[in-house]
Structures are given as structure tokens and as C-alpha cells.
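You will see two complexes here that share chain A, one where it goes with chain B and one where it goes with chain C.
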Partner chain A sequence: MSNGNLNIDIHYVTRVEGHGNIVVNAKDGNVENVQWQGPEAPRYFEAMVIGQKWDMLHHITSRICGICSIGHTSASVKATENAMGLKLSDQSELLRRLAIHAENLQSHVLHVGYLVLPDLVGVGSVIPLATSHPNEVKTVIKLHRIANQMSDLVCGRTIHPQRIIPGGFSKVPTIDELKGLKDTLLSAAPDLTAVGNLLKALAPKLPNFTRETEYVSLTDKNEYALYDGLLGSSLGDTAPITEYETWTNEFCVPQSTAKYTKRKQDSLMVGALARFNINHAQLTPNAKKYAEEIGLVAPCYNTFMNTVAQFVECIYMVDDSVRIIDELLHRGIKEETVEVKPKAGRGIGVVDVPRGILIHDYTYDDDGVCTKANCIIPTNQNHNNIQRDMEALVPQIVNKPQAEVELLLEMLVRAYDPCISCSTHYLKVNFNNK
Partner chain B sequence: MSKPKIAFFDFAGCEGDQLTVVNLEEALLDVLEHVEIVSFREAMKEHSDDYDIAFIEGSCTRVADEARLKDIRKNAKIVVAIGACATSGGINALKNIRPLETVRKEVYGENWKDYDTYRARGIGEVIDVDYKVYGCPMTQSEFVKVVKSLLTGTQPDIPNYPMCVDCKQAGNVCVFEKGQTCVGPITRAGCDACCVTEGATCWGCRGLVNDPNVDAHKEVLEKYNLSVDELTKRMATYFTNELPKG
Partner chain C sequence: MTKKPTAIIGVGNYLMSDEGVGIHAIAKLRTMNWSDDIDIIDGGTPGVALLHMIEGRKLVVIIDCADFEAKPGEISIFNAADLKRDTNDEISLHATDLLGALELAKHAGSYPEKVIIVGIQPEHIGMGTSLSTSVEESLNEIPKTLKDIIL
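Up next is the complex of A and B:
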């Protein structure tokens, strides 16, 4: 037992994207200090794009994050398209949605299978699982590979896609490729079921921790919003994306000058659980059925269930991808040329990516040269919620052995699937961790 | 012989190269037959400072990173820079083309001094690097090729001729014919000109070929009546730290 004395200093939480630290001090059961820190080296993307032409921006901002590069590219081209008044063809709209599904699927499978499962089985990584649970690991790898194949086929590359350009696509998949992809996705059903069953069996190991908070995601009356929609809150209101600044208010807290976000409540959470809580009624029957079986019911205030919500989304995205492919097959697919006449203006692009709402906001001059840029990153919106969750969780577990507390806190951070390297162009933390 | 111990580290980058390793999928299991991964923060909890080969992703962008890099150099027998950010500064070097103070103020406003940063650089400017795997991200095939080479103690065969050679072999129509600008003529080949094949142009992510003929490249532009200014911007994307100054 720790007797309520904790001195935790986890320097770099593992199995997350980017660098984050956890510092906790407790004495005789009194929690003295709880800090979630992000010491990542900032990269200055908003300044790098100033002076760059409209046809370069998506290439540059894609490099904010390798895992969400399709999401960044999509938000980027949408911002440019909005600034220049470009309209997408129906075909491009469908392909963009398919691209987002591919990336979300890849990222979710990676998170559920490679980053979270080891915690639930009680090992340090997926590597020992390859020996102890070879079939399960091979199934996870297979699903991950299929998602990547889908990205390759739609975007020309998995990491830093090449085909997505302002105005549409520079190249499109063939009918035969799409048919092949559909078959592959349909044939993955047993694999999804296998991983789903494994998660069901292990889900009781997810801590039962609840803290009411506000959830924010895109929302759309016609679909489970990922590629487009209004800003929506679990508190019931919505707003057009042009009002994002009033939703992502950034503020400083006294001891740590970290820029946090909040809206109507103390903090807010974005990502799969937020989307599920707000838009669950629009999931496909398969996804709804799985959610019900595993016990995910909206509104769910347990952050640890974000991983489960991600898997529910995997099922949804496979279903919806098949629907999109059918529509493309029905319509036929053709190469389209994109003509862009640069013009001055401001454009905002939004996508709900694996970890939540992502916004790019650019201003261009007459020559299509960028004069101002702002990127709002999902994890940045979650940092405040992570901090608040820790503050709520630590007193509940303060008497557990230190190693157990450490594990629980790491699991909490991992549940957010944080993408710290993207978020740190804004995150500011005070390193006075005594 | 025991398996060589390998470790992955990341500095300022997007982790796209580490993801490239994860994306080897089933093939990664084969690699694991020959090496033992002792540190890979993005994928595993365990960490050890006892390793033979260090793969480093990302650029060095602040003084504080230098000590960490030097520690890695001390621990490792072989250091491999993976991806453009590590080999040359990559996309991060774009921040070097404008005054640093302006860049810092633009992003952090009045708090700009709180964020330590300096000119983004490839890790080879700070420590000795034994192997480089080019690209943003590096390609899987080149990564595997380099891993095989260093396990057998040979030098990998990395092309040192311009991208246009790859591009012609891929059967692409040159984008200059379509009035677009491309830095392929001075970029190191080795990726089959994949971006041109996908309908984009070559952005130069594999870095400059040794002894690039920049003047001849500019002449090509004149021939096609394209702006040198645009080319200069394109070259800045990945070549900022590699081009001779002035």
C-alpha cells in the first residue's frame, strides 16, 4: 500500500503520440499536486505557411501529424476551398469521406489494438502479445493493413497523402480497385468481430470512473458527422463552424500558463466518445448493436470508454465505407480536372478526425499567398479535460500502491489517444513540478 | 549471436516515420526475428538505455535537445537518421527562412520567449550520423534496405541521381509540360517519383542529390516560361538547410 503517499513523475507517457508527463504528489492521503504536462518541442506551423502559396499549404500542414495526415490535409484543402469559393464535385465529396474513414479506421485500430490492449492484458506492449496471443495480434495487424490499403487506394499514400488537392483529387481509384476494396472490407467482418469479442471480454478491466463534462463534436442532421457538419455540444446547442473561436476559447490557468479550452463547463472533451454521445443515433445498426452489447450507452461520462467508442466507430466506418463505394460504383468514376483561380479571402476547414474536431483557418491575399493561419488541434481541446479528469481520479485512488496509480493515470491519458506533438504549437505548461 | 538491440527516438517531427515502421504490418514481425526492440516510446512501455542501434526521427530545434541527442550517440554503436526532419531538418527548416523572432511571435504572441527554439536542423549538425534514410516519410522499402545493410555491415545502395530518372521509369508525363513546377531535377531519386505518379509534383522531400545542377534547373524553367520565384519557394520546402547560402 502507498498509505496515501505518492511521488509520481512519469517522464514521457509511453504508447501515446508525442511527449507528455504526469506529476502527482500526495501525502498521507492528501493530494497536493496533480499535473499533466506537455514538454514537446513546438514546430511553428502557423508561421511556416505565411508567404506560401495556396497549392503548398496542405502539403506543409499535413506534416503536423503523421497519424492524422489525411485529416490535416482534408481540413487544409477545405479551408483553401472555402477561401477561394471552390465547389467540390459529388464524386470528390464521396472520395473525401472515404479518405477520412480510412484514416480514422487506421488510427482507431492502432489505438485499440496496439496501444490499449496491452494495458488490458497486463503487458508493456504489443510485442509480447505477438507471442502470447498470436492470432489476436495477427487479426489486429490485418485490420490495420486493410485500413492502410484503403488510404493508399484513395489518397495515393497512407502517410502524407498526395491525391487530395484543393478542389478535389489529382487522381482517383479505378472501378476495379474500388470493387476490390469493397470485397476486402466485407471479408474483414469476421476479423472485426474477433477483435470486438476480445474487447468485450477485456472491457470489464476498464476502470469505472465517471466525471460529467461537456462533449463537443461535429453534428449533421443527415449523417454521423465526420467529414462535415455544424459544431455540436452535448449540452444541446449547435453553431456554424465560422463561430469556432467562441467554442474553442483558449485561456490561461494561474500556476501553469497552459492554454486550455473550455466552453460552457469547466472543460470539454472531443473525440470518439464525444461523437458517440452526440451522434450515436446515426450509427449503422451493426455499430449500434455492438455498442449495446458492450454496454456503451449515451451519455457516457467515463473517459476510459473512449477506446470502446472508437471500436464502435470502426464498425460504423467499415459499414459506411461499403455504402460509399457502392454509391461510387453505381455512379461510375472519372478523372476530373481541377481549375483554381486564386483569390483573396479567408476560409475555415473542419473535419472530425480520430481524436476530435480539427480546424484549419487561412487568410489569403489576391495572389493566393497565405497571410495568416490558425490550426486548432483536437488534443489541444482535450488537455484541460485530461487535467480535470486526473484531479478527479487521483483522490479516488490515492491509497492504492503507487505503481497501480501510475498505471491508471497512464491508462487515462492513453484513453484520450492524445496526439501531443500536434497539439503543442499551443500548449504551454509551467514546469515547476515540485 | 544475440540479436542486436534497437531503439527508436523522436525529436521535432510528426512521427510519420515511426508510423512507417508500424505500417510494415506483418513484415515487422519478420524484422523482429532479427532484432530486439528495447525502446520505442510510441509503441511500448519498456525502455532501456542498453542498445546497439538508435533510429532517430525529427529535427533538433532547441538547445535542450542537444544533450539528449549526445546521450543517444554515446549509448549507440550505430545512429540512423530516419526521415527528412532528421536527415536535413525537413519541413521544419521552413521556419528558418524568416526571422526567428517574427516566427516565434506569430505563433506565441507575447509569450514567445517562453518557448525555447532555434534554427531547425538535421541531427547530423549535432551528432555523427552513420546512416540516413531519406524522405518525408521515408519509404518502407528503403528502411528495410538500410536495416538489412546495417545488420550485415554493408553500405546500402541509395541512389545519387535526380528524381527525373525515377520519374521517366515510372512512365509519368513531366509536370513541366502541364505548366507546373517541380524540383525533381535536383532531388535525390529512390522513391519511384511516387508523388508525380499520384498526380502531384515532386516536392523534394528526399533532399538534394549530391552536386545538384541548380542552374540547369532554372534554365528548364525559362524554357517553359515558369517563374523562378515559385521555384525558389518550392526549393525552400525541403532544401533550406542544404542549399548553399546566398
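Up next is the complex of A and C:
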């Protein structure tokens, strides 16, 4: 037992993107210090796009992240389209939604299958999981492969998409390719069921921790909003995306190089759980049924259930992708010419990506050269909520053994699926025989 | 989509100067003629997605920025099977798990017959889309290095 004495200094939390530290000190059951630290050096991506032309920004920003590259590309082209008054065709709108589904499916399957299941099974990573649960890991790999194939087909690449351009697409999939993708998605049903059943069996191991907070996501009266919509809060109000700055209210704290955010309450949370809490009524019947079976009920204030909400969204995204493909097949699909006449203006593009709302805001001059940029990523919006969750959780578990407290806090961070920095991880060469 | 038996995959972050040398190399290779049975792939920062780029192949050559304590711009060839993965570095989604993704491929039964890593020693890693002079010059040697491996 820790007897209420804790000296935790985790550098760095594993199985998250980038570096984050957890520092906790407690004496005789009194919690003296709780800090979620983000020590990553700032990346200044906004500075890199200043001086670049309108047709380059989405290529540059897609390289910010290997996981959310479709999201960054989509937010980027939407910002450019809004700045230059470009309107998408119905076909392009459908394909953009399909692209976002591909990325969310890729990312959620990775997080649930490779990063959270090891915690629930009690192993250190997916590598030993592949030995202890080989069939389950192969099923996760298969679902991940399907999401990647979907991205290849719609975006021209698994990551860092090429076909999404301001005004539309440079190339579109053929009817036969779409039919093949539909068959592949339909064939994934038993695999989704298998992983879903495993998650159901393990879900009771998720800590029962609740802390009421404000949830924020896109919301739209016509659909479960991911690609487009208004800013929406679990407190009931909405606003156009042009008001994003009054919804994020970025501020700095000493322990983190990343900015924090808050709105009407002490902190806010974005991501799958936020979307579920706000938009659950618009999920497909299959997704609603799974949520009910696993016990995910809105409003859910347990951050650890974010992983479950992600899997509910996986079911939704497969269902909705099939619906979109059917619509494209019904309409017919054709290559479209995109003509852009650059002009001065400001545009804001927002999409709800795997980890939450992603915002790109560009200002262009008459030649279509970017003169000002602002990018707000989802994890920045969540840092403050992670800190507040830790402050609420630690007093509840302060008397547990230190190793258990460490694991619970790491699991809490991993539940957010945070992307603290996007990678700069070159290969460090070490040989087996040394 | 049928996969070709050989893949040359450049990995790295294009926005981080020499860290993105694999991506610069692929752009150069794409201006040249290669056999029809070779896929030339800009892998970006693929993380575990690398698994799906390599599965079903016979030979995979990965071009990456690598620290093997040599002079900046020096190129070295490694058999991936000879490299040790830091087991304290739990698998994440990004390039720290290049070797982790390869290990996962072994468990999944989808490891290619051979995986070669062409490592380029960086001079500078920081914000920017340009390579340092030494690494830029090393790009000229990459095509010959690859032909020696593949042919």
C-alpha cells in the first residue's frame, strides 16, 4: 500500500502521441501536487504556411500528423474554400465525408485495438498482445487494413492525401472501385462484432470515474456531425464556426508548452465522447444498439468511456460509409474540373477528427498567398480537462499502491487518445548483438 | 489492388528538415524509371500503417533518417532483422515504432522475406522543408544504393 504517500514522476506516458509527463505528490493521504505536463517544444506550423500559396497549404498541413492527415487536409481546404468563396459539388461533399470516415475508422481502430486493449488485458503493448490474443490482434489488423484501403481509394494514399484539393478532388474513384469498397465494408461486420464483443467483455475493467465537464463538438440537425456543422456544447448552445475563438479561449499555463482552453466551465472536452454526448440521437441503429448493450448512455461523464464511444463511432462510420457509397453509386460518379481564381480573404475550416474539433483559419492576399494562419488541434482543447480530471481522480485513489495509481493515471491520459506532438522520431540504430 | 513484390518506402516528416529525407528521396526516385514490379511509396509518418504497406511483399526497402553516429549525410544499409528495438519504447502510432511495426508484422505472419533499411545520418533536425547540404548531397547516391540492393 502507498499509505497515502505518492511520489509519481512519469516521463513520459507511453502509448500516446508525443511526450506528456505526470507528476503527483501526496503525503499521508493529502494530495500536494497534481500536474499533467506537456513539455514538447512548440512546432510553429502556422509560421510555415505564411508566404505559401493557396494550393500548397493543404499539402504542408497534411504533414503535421500521420494519423490526422486527412483531417488536417480537410480543415485546410475548407478554410481555403471559405476564404475564396469556392462551393463544392454534391459529389465532392459526399467523397469528403467518406474520407473523414476513413480517417476516423483508421484512428479509432488503432486506439481501441493497439493502445487500449493492452491495458484492459494487462499487458504492456500490442506486441505481447499479439502473442496472448493472436486472433483478436489479427482481426484488429484486418479492420485497420480496411480503413487504410478506404483512404487509398478516396484520397489516393493511406496518409497525407493527394486527391483532396481546394474546390473538390483531383481524381475520383470509379464505380467498380466503390462497389468493391462497399463489399469490403460489408464483409467487416463479423470483425466489428468480434472486436466489439471483446471490448464488451473487458469494459467492466474501465475505471468508474465521473466528473461533469462541458463537452464540445460539431453538431448538425441533419446528421451525426463530423465533416461539417455548427459548434455545439453539451450545455445546449450552438454557434457558427466563425465564433471559434470565443469557444476555445486559448491560454497558457506554466507546466505546458501547449495552450489550454476553456469555455463556460473550468475546462472542456472534445472527441468521440463529446460527439456521442451531443449527437448520439443521430447514430445509426447498429451503433445505438451497441452503445446500449455496452452501457454507454448520454450524458456520460466518465472519460475512460471515450474508448467505448470511439468503437460506437466505428460501427456508425462503417454503416454511414455504405450509405454514402450507395448514394454515389445511385447518382453516378464523374471526374470534375476544379477552377480556382485566387482572391484575398479570410476563411475558417473546421472538421471533427478522431480526437475532436480541428480548426484551420487562414488569411490570403490578392495573389492567394497566406498572410496569417491559426491552427487549433483537438488535444490542445483537452489538456485542461486532463489536468482537471487528474485533480479529481487522485484524491479518490490516493491510498492505492503507487504502481496502481500510476497505471490509472496513464490509462486516463490514454483514454483521451492524445496527440501531444506529431512525430519527429528518426530511427536510432542499435544492433541485436550489442 | 494487387501489390508489387518489391516496395521502396520513404518515411519521415517532411516538415522537419533532415527527418524528412525519406520523403525527399522518394520524390527524386519518382523522376526516374523503375521496373514495373516495384512500388515507390511516400510513406510519410506511417506508424502502424507501415504494416499494410509491407505485407504481401517479398522485398521491402525503407529509406529513413537514422542516427548511427556517422558523419552527416553518410548512408548505411541495415538488415531490419539485425536491429534491436528498444522494448521500453512502447508502441505508439508514429515513427518511433518503425521497428515495432515490423515486429507486429512478424506476429501477424505478414513480414516480407526481407526488409532492408537505408539509413541517412542527419545533420540538422528542426522546422523546415529543406534538407541540410550534406543530406541533400547524399540524395544523389540513393538511386545507385537502391539498385545495388534490388538488382
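In this section, the second predicted complex is superposed on the first by the 414 of 434 C-alpha atoms of A that agree within 3 Å, B and C clash if a C-alpha of one lies under 4 Å from a C-alpha of the other, contacts with A are read in each partner's own complex, and residues count from 1 in each chain.
The rule is simple: contacts are C-beta pairs under 8 Å (C-beta built on N, C-alpha and C of every residue); 3 or more make two chains touch, one makes a residue touch a chain.
Only a predicted model underlies this, so the values are computations on that prediction, with no experimental measurement involved.
A.B. asks: Where does A:I159 make contact in the superposed view: on chain B (first), on chain C (second), on both, or on neither?
C.D. replies: Both partners.
A.B. asks: Applying the touch criterion given at the start, work out whether A:A201 contacts chain B, chain C, both or neither, answering first, second, both or neither.
C.D. replies: neither
A.B. asks: If you stack the two complexes on chain A, which partner ends up touching A:I141: first (chain B), second (chain C), both, or neither?
C.D. replies: both
A.B. asks: After the superposition on A, what does A:A189 contact: first (chain B), second (chain C), both or neither?
C.D. replies: Neither partner.
A.B. asks: For A:M48 in the superposed arrangement: first (chain B), second (chain C), both or neither?
C.D. replies: both
A.B. asks: Based on the superposed arrangement, let me know which partner A:A239 touches: chain B (first), chain C (second), both, or neither?
C.D. replies: Touch partners of A:A239: none, neither chain B nor chain C.
A.B. asks: Figure out whether A:L329 sits in contact with chain B (first) or chain C (second), or with both, or with neither.
C.D. replies: In the superposition, A:L329 touches no partner, neither chain B nor chain C.
A.B. asks: Going by the contact rule set out at the top, does A:G66 touch chain B (first), chain C (second), both, or neither?
C.D. replies: A:G66 sits against chain B and chain C alike.
A.B. asks: After lining up the shared chain so the two structures overlap, which partner does A:S125 touch, if you call chain B first and chain C second: first, second, both or neither?
C.D. replies: Touch status of A:S125: both partners.
A.B. asks: Indicate the residue numbers of chain A shared between its chain B interface and its chain C interface, in ascending order.
C.D. replies: Residues 14-17, 43-45, 47-48, 60, 63-67, 69, 110, 114-115, 124-127, 130, 138, 141, 144-145, 148, 157-160, 422, 425, 428, which sit in both footprints.
A.B. asks: Can you tell me which positions in chain A touch chain B when the two form their complex?
C.D. replies: Touching chain B: residues 12, 14-19, 41-48, 50-53, 56, 59-60, 63-67, 69, 110, 114-115, 118, 124-127, 130, 138, 141-142, 144-145, 148, 156-160, 162-163, 165, 169-171, 257, 410, 421-422, 425, 428 of chain A.
A.B. asks: Can you list the chain C residues touching chain A in their complex?
C.D. replies: Those in contact with chain A are residues 1, 12-16, 19-20, 42-49, 51-53, 64-68, 76, 78, 82-84, 86, 89-96, 98-100, 103-104, 107-108, 117, 119, 122, 125, 127-129.
A.B. asks: Could you please specify the touching residues of chain A with respect to chain C in the complex?
C.D. replies: Touch residues, chain A against chain C: 14-17, 43-45, 47-48, 60, 63-67, 69, 106, 110, 114-115, 124-127, 130-131, 134, 137-138, 141, 144-145, 148-149, 152, 157-160, 422-434.
A.B. asks: Write out the stretch or stretches of chain B touching chain A in their complex.
C.D. replies: My answer: residues 10-20, 22-23, 25-26, 29, 32, 37, 40-47, 61-62, 65, 90-92, 94-95, 98, 102-104, 106-108, 111, 114-115, 117, 136-137, 194-195, 197-200, 203, 230, 233-234, 237.
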